[in-house]
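Heads up, the next two complexes both have chain A, just with different partners, chain B and then chain C.
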Partner chain A sequence: MTKPLPQGITLGQLNAAVAEIEKVVGKDYVYLDDVKELRSYRDPYNTTDDADFAPSAAVAPQNVEQIQKILAIVNNYKIPVWTISTGKNFAYGGPAPRKPGYIVLDLKLMNKILEVNEKHGYAIVEPGVSYYDLYNYIQEKGLKLWIDCAAPAWGGIVGNTSEHGAGYTPYGDHLLMQCGMQVVLADGTIVETGMDTTANSKTGGLYKYGQGAAIDGLFTQSNFGVITRMGIWLMPEPPGYTPFMITLENEHDLETVTDLSLPLRVNQVIHNAPMTVDLLWESAMSVSRSQYYTGKGPMPDSHRKKMAKDLDLGIWNYYGAVYGPGPMMKNNMDVIRDTFGSIPGAKFHYDDTRKGDPGWDYRVKLMKGTPNMTEFSLLNWIGGGGHINFSPISAADGKSAMRQYEMIRKRSHEYGFDYIGEFLIGWRDQHHIFMLMFDRMSAEEKKRAHDLFAILVDDAAALGYGEYRTHLSFMDQIAGTFSWNDNALWDTHHALKDELDPNGILSPGKQGIWPKNLRGNS
Partner chain B sequence: MNKHLLIFASLLFLTACEQQATEPETSPESSAEKATTMVPEASAESTSSYVPSNRSGKVIFALHCAGCHDPGNAHAATKQLALVRGKDLAVIMQRKDLVPDYIKYIVRDGLLEMPPFRPTDINNAELDNLANYIVDSAKAYTPEETK
Partner chain C sequence: MLSRRTFIKSALATNVALLATPSQALQHVLTGSEEIPLLVFADEHSLNSKHFISNVAERKSNIDLDIGQHFELLREFCKESPRGQVSGLTRDSDFFALEQIAKDFGFYTQYSATHHYSGNTLTHEVSSSKDSAELITSSLKNAKDQWPQWLANHMRVLPRGNSQLVTKKTQITLANTDQHDFLVSWSLSSNKHI
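Now for the complex of A and B:
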């Protein structure tokens, strides 16, 4: 295979830079062989072609000083690096870079848990620490702390948080729970944010904002620096935990359940982010599509209804939990039962009847921060694993939720795909995740999925909705929808980019933020 | 360079915190310079005292494979293999048809629903350990009905 090269870079320049990088990190930590090593840095589930996102090399530094030296080298050659940490980032591009030829800067080997503070409930971790790692550490030490993990638990704290990921315990808004970070800028400068920038800081893990501009967010979903350490708050293990599920019989129940949720959520009667999960998502935890339907196009309603009946699921399945001392949980559950019990056909489910059902069991684990991989069963739905997530933000409002659901379902059916989705109520918003599953062995189907996604971005924008995160393929298109006042926000991003990274070496094109030498060429 | 390591080192025996798999990246004495210095020119010497991990196949399996490949229908790969290959080929730890080279190729390249694993997830020595662990466990496995 011809070595992919970054725009404007010769093979000679790339090889010279790689040789210098090998001296910094050691040859064992520079990955060049396409078959043995580099193939693992592709996104196997993309909707176009692996070559669109093929890196030229990957390098795994082991400490901050090595990162500084690598950045000095690539600044000299003006070769872009694409920073990743741990976890997989599937549905959004995996470890692959935005354009061919970038060198992947893989921080997985920086995997120290630097501190876990049980009294104040926080951890300080390096980018290579996965949810499994932190969970196992806490279990081994017997600390009375919970983590809040992404659904596939091989994700990592720094990666997920900096991608604005969400979890399922009361600490599910990960960036809200982030406290302090260390960042290496493109010129090698190390910056500490928050309280850690004071001498002999004692409060770096406790107070987020320091003094002056709070800049942590600038380094998330962006390319202004390389995050090398992060503080994350951890929830003290509560005295009790009551998870529940409510099955709902009708599609329009989405509207009612969403409207009923908002006051309970913002007043913290329900302590975590409640989720309204569609029938197919939920069924995919137990069965595959072919067990119920082998025809082409979206699964017909008659088959859906049979599946719902067999699996004792609703058209929508609503999950939430309360936490705390027994009497407090009882009070909250009484309010929750009274509220949602008013929906005709609503049925409550608890551990006593659902235990052993993979769909229930993994939600119970997620809502208490126990890492697991059950949600990966979604990849079995049609087989082959091809998927990409369309993730618009909705209001936590019934009509808004229904409008998004109907818009996406209509389009997905028009393009011949199942609607598989869930809504997760953060506080006032909902993350609406539409999992677009396609046969990645079929070029025609991949293209159809790609075309569907592109039109959904435009459809959503026309209704006033934007996405919270996206795949490499659609970063520019979605950046273009955040265009108010003649693209003032992206012009600001670009002004920062040009100042902080004048050679454009850090993750060019990440989330549609391009350095000046590549703007207009994307 | 990294004042946290200084603070951290001084707290090491006072709190529950502990380094994970690797040694501190540099000793506190050698890294006590101010945090905002520019980077020196890349020197010829690697700055790492990094010792590559060599975790056992059992540890790697638990961390990267068990989530999907443990027995039972909560595990995506086991469930899918049961559906498409039959229950006798569903649990990889019980399969006698897998050889180490095949396992190693699939781990790096992925297969259908299974994604590839990077050399930073599982290094080459650990991949050997993993492949041997799976094959040895399968060899030692006796099906229920023949016990």
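Now for the complex of A and C:
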């Protein structure tokens, strides 16, 4: 197999750089074997040729000094590195780099939990700390704190927050809960943000903004620096927790349930981000598609209805939770029951009746920040299931939700795929996640999924919707839809990139941000 | 005594069907590789997988829906047994997750195969080293509906080592099957210690 090389770099240059890097971190922490070692830095859910995102090497530094030395070496050779923390960004590219030949800068070995402050409810962690690690630490120490994790808990605080990821407790907007970070810039300079910039700071985990421009966000979904430490707020364990689920019988109930949700959400009657989950997503937790339908194309309505009946599920399934002292929860639940009880056919479900149902059980865990991996079961809906997420933002408004849903469902059916999706109501918006699932062993299906995704980006843009995050393959296309005022925002990103990373060594192309030497080639 | 590698090679050269029956040679191989610590996973929901695990004598773990609950066991094993082998017959998503965890300990996939029922057809698609893929595919085919048992009996002769993987596919027709299973059998070991 020929070694993938970054654009403009020879094998000799790569080998010379790698030899220098080996001296910094030791040979055991540089991975070069394409067949075995580097295969795990690919994206098994990629819809194009595997070689499109194949790294040339990976390196796992153990501390900030080693990162500084590595950056000095790659600056010298002008070889790009692609930073990952826990490296589990599946559905959006996994650990794979944006272009072939980059060296993956894998921060998995920097996995110290530096501080957990129970009184003030925060943690300060290194990039390799996973949600499992933080949860286990808190349990072992008996601290009365909850974490908030993404559905697959093997990812971590730094990587997920860098991607603007979301969880399911009231602390589910991860970037909102982030407080203070340490970043290594391309030239090796170490920058602290927020309050930790002051000498002997005592308040780094408490106040986000410090003095002057609040620049933390600049280092997320971008390539302006390598985050080496992050503060994250943790929710104090509440005295009580009541999760609930409402099954809804009709497709158009999405509109009503969304409209009814917004006031409850913004007024904090429902404390977490409620989710409206479609039938197939829910069903895939316990059955496979072929148990109900073996034909080609999207599952027909008659089969969907039978499945809903068998599994006691709705066409939409709404999850939420309230937290706090008993009387407060009772008060909120009364309002919630009154509100949603007005939807014809709406049925409430709680732990007493639903426990043991796989879909319910894992949502109950997620809404209290108990790490698990159950959502991966979804991928068994079809054999060899892979997926990429199409993730547009909609208003938390019934008509918008329906419009997006109908647009995506129509297109996905046209391309022969099931609609599998959910809406998650944030503070004002909805994250709409369409899980575009395909047989990852089938080249034809992968190509079809790829084409569908590309057209969805354009369809959504035409209706005024943009995506909150995306897979490597679509970063440029989506960046192109954020083009107001003659691409003023991306021009600003590029101006920053050129200033902070003139050799273009940090994650070129991340989210469509390219260094000068590679702009126009993408 | 035959080594595992020699066995695969010689079996290929002589009779592909050899592996489908408990031959004398196979017994030799099994004894020969017994020192390799083995950890085996199986999906507790599938009948085929249950059939498989009931034939495995080594350290084993039944997987329910949350694969995350098995990460610690896998990590411990990889740490304690860097020369060991981790195998399984699981759902695809479980293999995907375990493979990712094992890579942090230098364990990589040396063999995997999908086993897919559709109507009356059972398809095995094997991805393995060049010298073993054909052999394993034929053996699975010959084993008919006893393929989980065949796998259980041959976990220890699955390929190890750092070789390029090739893919082979076979289909068989089975009477009276109403199964919808899509399972993956797999084997991970560290190439550094071969």
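Everything below uses one rule, namely that the second predicted complex is superposed on the first by the 521 of 522 C-alpha atoms of A that agree within 3 Å, B and C clash if a C-alpha of one lies under 4 Å from a C-alpha of the other, contacts with A are read in each partner's own complex, and residues count from 1 in each chain.
Operating definition for what follows: contacts are C-beta pairs under 8 Å (C-beta built on N, C-alpha and C of every residue); 3 or more make two chains touch, one makes a residue touch a chain.
These numbers come from a predicted model, not from an experiment.
When both complexes are superposed on chain A, chain B and chain C end up clashing with one another.
Of the two partner chains, chain B is the only one touched by A:Asn200; chain C is not. Once the two structures are overlaid, the count of chain A residues touched is higher for B than for its counterpart among chain B and chain C. Of the two partner chains placed by the overlay, chain B and chain C both lie in contact with A:Tyr362. Of the two partner chains, both chain B and chain C are touched by A:Phe376. Applying the stated contact rule after C-alpha superposition, one finds that A:Gly217 touches neither chain B nor chain C.
After overlaying the two complexes on the shared chain, residue contacts for A:Thr294 are found with chain C alone; chain B is out of touch.
Of the two partner chains placed by superposition, A:Gly345 touches none, neither chain B nor chain C. By the touch criterion defined above, A:Gln68 lies against chain B but remains apart from chain C after alignment on the C-alpha atoms of chain A. Counting contacts as defined above, chain A residues 35-37, 39-40, 44, 88, 108, 132, 152-154, 285, 288, 290-291, 358, 362, 372-374, 376-377, 379-380, 383-385 meet chain B in one complex and chain C in the other.
Chain A makes touch with chain C in their complex at residues 1, 33, 35-37, 39-40, 44, 88, 108, 132, 152-154, 285, 288, 290-291, 294, 358, 362, 371-374, 376-380, 382-385, 441. Across the complex, chain B is touched by residues 20, 23-26, 28, 31, 35-37, 39-42, 44-45, 58, 60, 62-66, 68-73, 86, 88, 90, 94-95, 106, 108-118, 124, 128-130, 132-133, 137, 141, 143, 152-154, 182, 187-192, 196, 200-201, 204, 229, 285-286, 288, 290-291, 358, 361-362, 372-374, 376-377, 379-380, 383-385 of chain A. Contacts from chain C toward chain A in the complex involve residues 65-69, 71, 91-94, 96-97, 99-101, 103-104, 106, 108-109, 114, 116, 118-119, 125, 162-165, 180, 182, 191. Listing the residues of chain B that touch chain A in their complex gives 1-4, 7-8, 11, 15-22, 24-26, 31, 35-36, 38-48, 50, 52, 63-64, 67-68, 73-77, 79-80, 83-84, 108-110, 112-121.
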